[in-house]
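One structure, pasted below without further comment.
Read from first to last, the chains carry the letters A, B, C and D; within each, the first residue is number 1.
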Amino acid sequence: MPVTYTTSQIAELLESVSNWGRWGKEDQRGALNYITNEKRAAAARLVQSGGTVSLSLPLATRAARDNPTPVTHLMIRSGQVGHPLGSWGCADYFAIEPHGLATTHLDALCHHFYRGKMYNDFDYTEVDFQGAHKCAIDVARDGVISRGVLIDIPKIRKTEWVEPGEAIYPEDLEAAERDHRVQVGEGDVMLLRTGRFKLRRSKGAQATLTSMAGLHASCLKWLHERKIAVLGSDAISDVLPTPYDAPLRMPIHTGTLVMMGVHLIDNADLDLLAEKCARDGRYAFMFTLLPLVLERGTASPANPVALF
Amino acid sequence: MPVTYTTSQIAELLESVSNWGRWGKEDQRGALNYITNEKRAAAARLVQSGGTVSLSLPLATRAARDNPTPVTHLMIRSGQVGHPLGSWGCADYFAIEPHGLATTHLDALCHHFYRGKMYNDFDYTEVDFQGAHKCAIDVARDGVISRGVLIDIPKIRKTEWVEPGEAIYPEDLEAAERDHRVQVGEGDVMLLRTGRFKLRRSKGAQATLTSMAGLHASCLKWLHERKIAVLGSDAISDVLPTPYDAPLRMPIHTGTLVMMGVHLIDNADLDLLAEKCARDGRYAFMFTLLPLVLERGTASPANPVALF
Amino acid sequence: MPVTYTTSQIAELLESVSNWGRWGKEDQRGALNYITNEKRAAAARLVQSGGTVSLSLPLATRAARDNPTPVTHLMIRSGQVGHPLGSWGCADYFAIEPHGLATTHLDALCHHFYRGKMYNDFDYTEVDFQGAHKCAIDVARDGVISRGVLIDIPKIRKTEWVEPGEAIYPEDLEAAERDHRVQVGEGDVMLLRTGRFKLRRSKGAQATLTSMAGLHASCLKWLHERKIAVLGSDAISDVLPTPYDAPLRMPIHTGTLVMMGVHLIDNADLDLLAEKCARDGRYAFMFTLLPLVLERGTASPANPVALF
Amino acid sequence: MPVTYTTSQIAELLESVSNWGRWGKEDQRGALNYITNEKRAAAARLVQSGGTVSLSLPLATRAARDNPTPVTHLMIRSGQVGHPLGSWGCADYFAIEPHGLATTHLDALCHHFYRGKMYNDFDYTEVDFQGAHKCAIDVARDGVISRGVLIDIPKIRKTEWVEPGEAIYPEDLEAAERDHRVQVGEGDVMLLRTGRFKLRRSKGAQATLTSMAGLHASCLKWLHERKIAVLGSDAISDVLPTPYDAPLRMPIHTGTLVMMGVHLIDNADLDLLAEKCARDGRYAFMFTLLPLVLERGTASPANPVALF
């Protein structure tokens, strides 16, 4: 069911998935509100073997086609014997721009605007040189702990990866649910695998932003109905390019961050997770992501972990 | 039982708590090895209500007496309407030195040396301008997920905080166990509350490094026998000052990081956790800390979370 | 002649020293236009002995009362024998916030606004997250090379330093001219010594911003009539505190940067220069400051040098 | 006269151009000692018109083939009306790795080692995690002010640029001297133009480090006999590749920085200077470079200026 919406259709679609006001007009947490204490307790009850899988890329300190602003990692001191500062140990420093395509990170709801607004009708001017005064990353300081569900698209398409530029449709999501014998539901962290890192490991970094695999805009209604709490991907959730001009160019970003209040995880490495899920025949697990408490921050680098 | 060891006694003590070789001569994970799959699964079974408490300070962007190198947090762009880059959202940048006394962080085993060695006999020269080639923070990339146990010293001493410079002894730990009806055991993350942040909130930042509350060296044997996996504190675990000259000046750092291979969590904010534990009458919980995957890094800023 | 202006008097004063439009409505260089080729050639003709004095503080890498955001200076590599990257040499990295009270720097004209405007009626919105699109530091990319004149106030007041909070008046400037046998004129770089670093060397860093020695607002007319090109100081040119509320709180900054288009040099170390001038009986010299070419930058750290 | 030296010949050549001990065994300034007061005074006497040319590239904030670690330039605040911090002005921040191929900079003598030594027999261990304890960039804090001489190789070869990988020989230098009617002499700053930036402007950034135009090793004796103080280039002075293995891979770097104590200026933009010199028929001028006073620094970004 590939469709190209008109500009006004996509604007309507975005309106139709709005959660503005659902949790009060002062709410800054959005769909994180779906993760109740009960949901977390139930997630913990999923744990059986105690096995873990990290979903984080290493912080990338070298420039690459998909990493124009690499992490700076430098040593402050180390243990030269007799060195006045360094004799006892070592310490380091790093500088990071967490957004982009090279760092596994959680986008704050303030990261994206639509018609001058962020989630829940907060104005774009709430972000200034001091950072975000609304919907910053520290709204998630207590952690994103819930049920995680992997949706492995290459598996159901019987391919190694979804080609850059190819869209993923609601039918794919439902096919995956049937295949994986799981159903995405309220408060879940849905993790969408496109196979981007399998491709990168095989063929190197691809042209990015201009062409990435991801969800077609028609998935927005599906995500909204399922009441997911957080959406993650090994890419950036949106398929690119889209036929829409800015500010509709990334309808998934707009629909999730701005309209639904759904936080996004970008650039999660889902390859080991997919192997583990296939091996265990099990696509739901306890999911944990603990963002750094960066007040007024627009994102946090993160090391999400799945616990089985 | 306050004691002052002689220099040779303390050297002997350090030798006596060594775990070098216990998990093989190539091991770089140290006491994290105590956290088995079974231990993690058991930790998950502790979860009842699903309530969470973050143990992280906010990243501190202002200089203070205990923060000479504050985090730099700057905006890269934001959404001025019509701005070529910024019309659609915002992004930021931060630079951090995770060690010190202002950031909640997990010390890598490479952070501390003793007689030119780090944990498991690795040489200090394994740390160079590229970072740590052994025992870096990414050995914990799958996360520190285990049973957490709070030891609340001010509670058992019936005081608001332990005064800077005052030592905590094995008797205190055991008194706390009795009071808290919990026993620290193999694979646990032990969190030691001195009340430092209660003091800071009451009286401002104190002179640090020269004077902090923490464990007396005589606790090392206790920690070793209990086979804890990780030690955390709202200070830096060591009492300061000690009567010992470098390199024995911080025997808890040396005994845990270097000899036992026990990772340390420094500057965790344990005040809300203490309230929660007292209110619930329960001092054990599921503990999660997910360090950033900084290869060759000497620490990671972290947001540890307790789940009840 | 200490005077306290009313708010409207000071607003009038600021208007009266305006150079807006003097060099065309597109001009971004302001009073640097006074430094003609002839002026530079004449400055070079002042050189006799070839002796030099640097007017720069070292870049300050440690936090202090007057340095809350120290320069970060870290090594990238160095020459450990056998090290794959470092065997042949060394390299480093630094991060700097050039403004403030600890770094010798040249303020760009964009640094200060008055009633929403910078020099020559450019709007404050010309500065955004990308930096300054008008009046950035790179307008001085060909260097500030002119006659420099030292005005040594402690010398004429027969004191070691001007006390923090004390104002300097036009009479002082003229007394210094008589004493120094020099007259400040068109295109000159006027360097005002308050003795701040003599004080700092004697008594440590003082409370700053709340109390600094500097020019009284009544000097603005004098500076305007003399047609100086650049004003420098060992402090920040303005006396502080002033009795005026923002945005009139720093009338010298407003009058020079915004109204006259006079660039400011802050935190120049003028102590050695003062000794040299007194010893040689000569207060005019060839002055050179070569700012880094930071397009859209609001300042450059600098090492101004006087050549005799 | 293209020649390929044997390894032992080039080692001999390097020994033959040594200035170690020439200015005493504690000297850290090397050939800067050739710039006497008289030399500076004579340089000032070269000034006629007062015209200036900057030799600095803009600080490059975007990654490129020849710029893997771009300068980070971010705003700290700006003038949003009513903003508590920003109403009065703007300020910024930058982070820089001055070495490499994208920033005009002055190499400190400590930047390069040969057989474990830097200039004047100082050991490589003088550089540690704190930076360079000998031969750091601040030895030039009083500025590099001398006669500058441009050697424009494309002009004498009647080409637009010297192709990457092509060597420049003593004969070229002498042909240029004849053409330019100038002779390089004691204390001069010699600026070697290869036309690299003309090439870059025409054809984009080239593969670098593997292939750059520069001086053949046989020029070392010539440079030594002429007693230049500083060598600058629009590339990095060395031709690359050379047939020599490390540590002889960059004989000009080794011969100048380590053996002669000649500071190097890398990546100077000499295109406008070449036009000016050709137009005026004059290849000598007053040269000024004022490095930032970064104690223990291995280089300084710089804006060298020629004054005519």
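Heads up, the rule we're going with is that a residue touches a chain if its C-beta (ideal position, glycine included) is under 8 Å from a C-beta of that chain, and two chains touch if they have at least 3 such contacts.
Keep in mind that this is a model prediction, so the values were computed, not measured.
When the partners of chain A are compared with those of chain C, the chains appearing in both lists are B, D. With B-D and A-D as the two chain pairs, more C-beta contacts join A-D. Note: centroid distance chain A to chain D, computed from Cα atoms, is 46 Å. If you average the CA atoms of chain C and of chain D, the two centres end up 29 Å from each other. Under the contact definition stated at the top, the residues of chain C that touch 2 or more other chains are 72, 75-76, 78, 80, 93, 95, 128-130.
Taken together, the touching pairs cover every possible pairing of the chains.
Taken together, the chain B residues at the contact with chain D in this complex read 72, 74-76, 93, 95, 129. For chain A in complex with chain B, the residues that touch the partner chain are 36-42, 44-45, 47-54, 56-59, 72-73, 75-76, 78-81, 87-99, 104, 110-113, 116, 124, 127-132, 138, 141-143, 145, 246-247, 249-250, 286, 288-299, 301-305, 307.
If you check the complex, the residues on chain A that touch chain D are 62-63, 68-70, 72, 75-78, 80, 83, 85-86, 95, 128-130.
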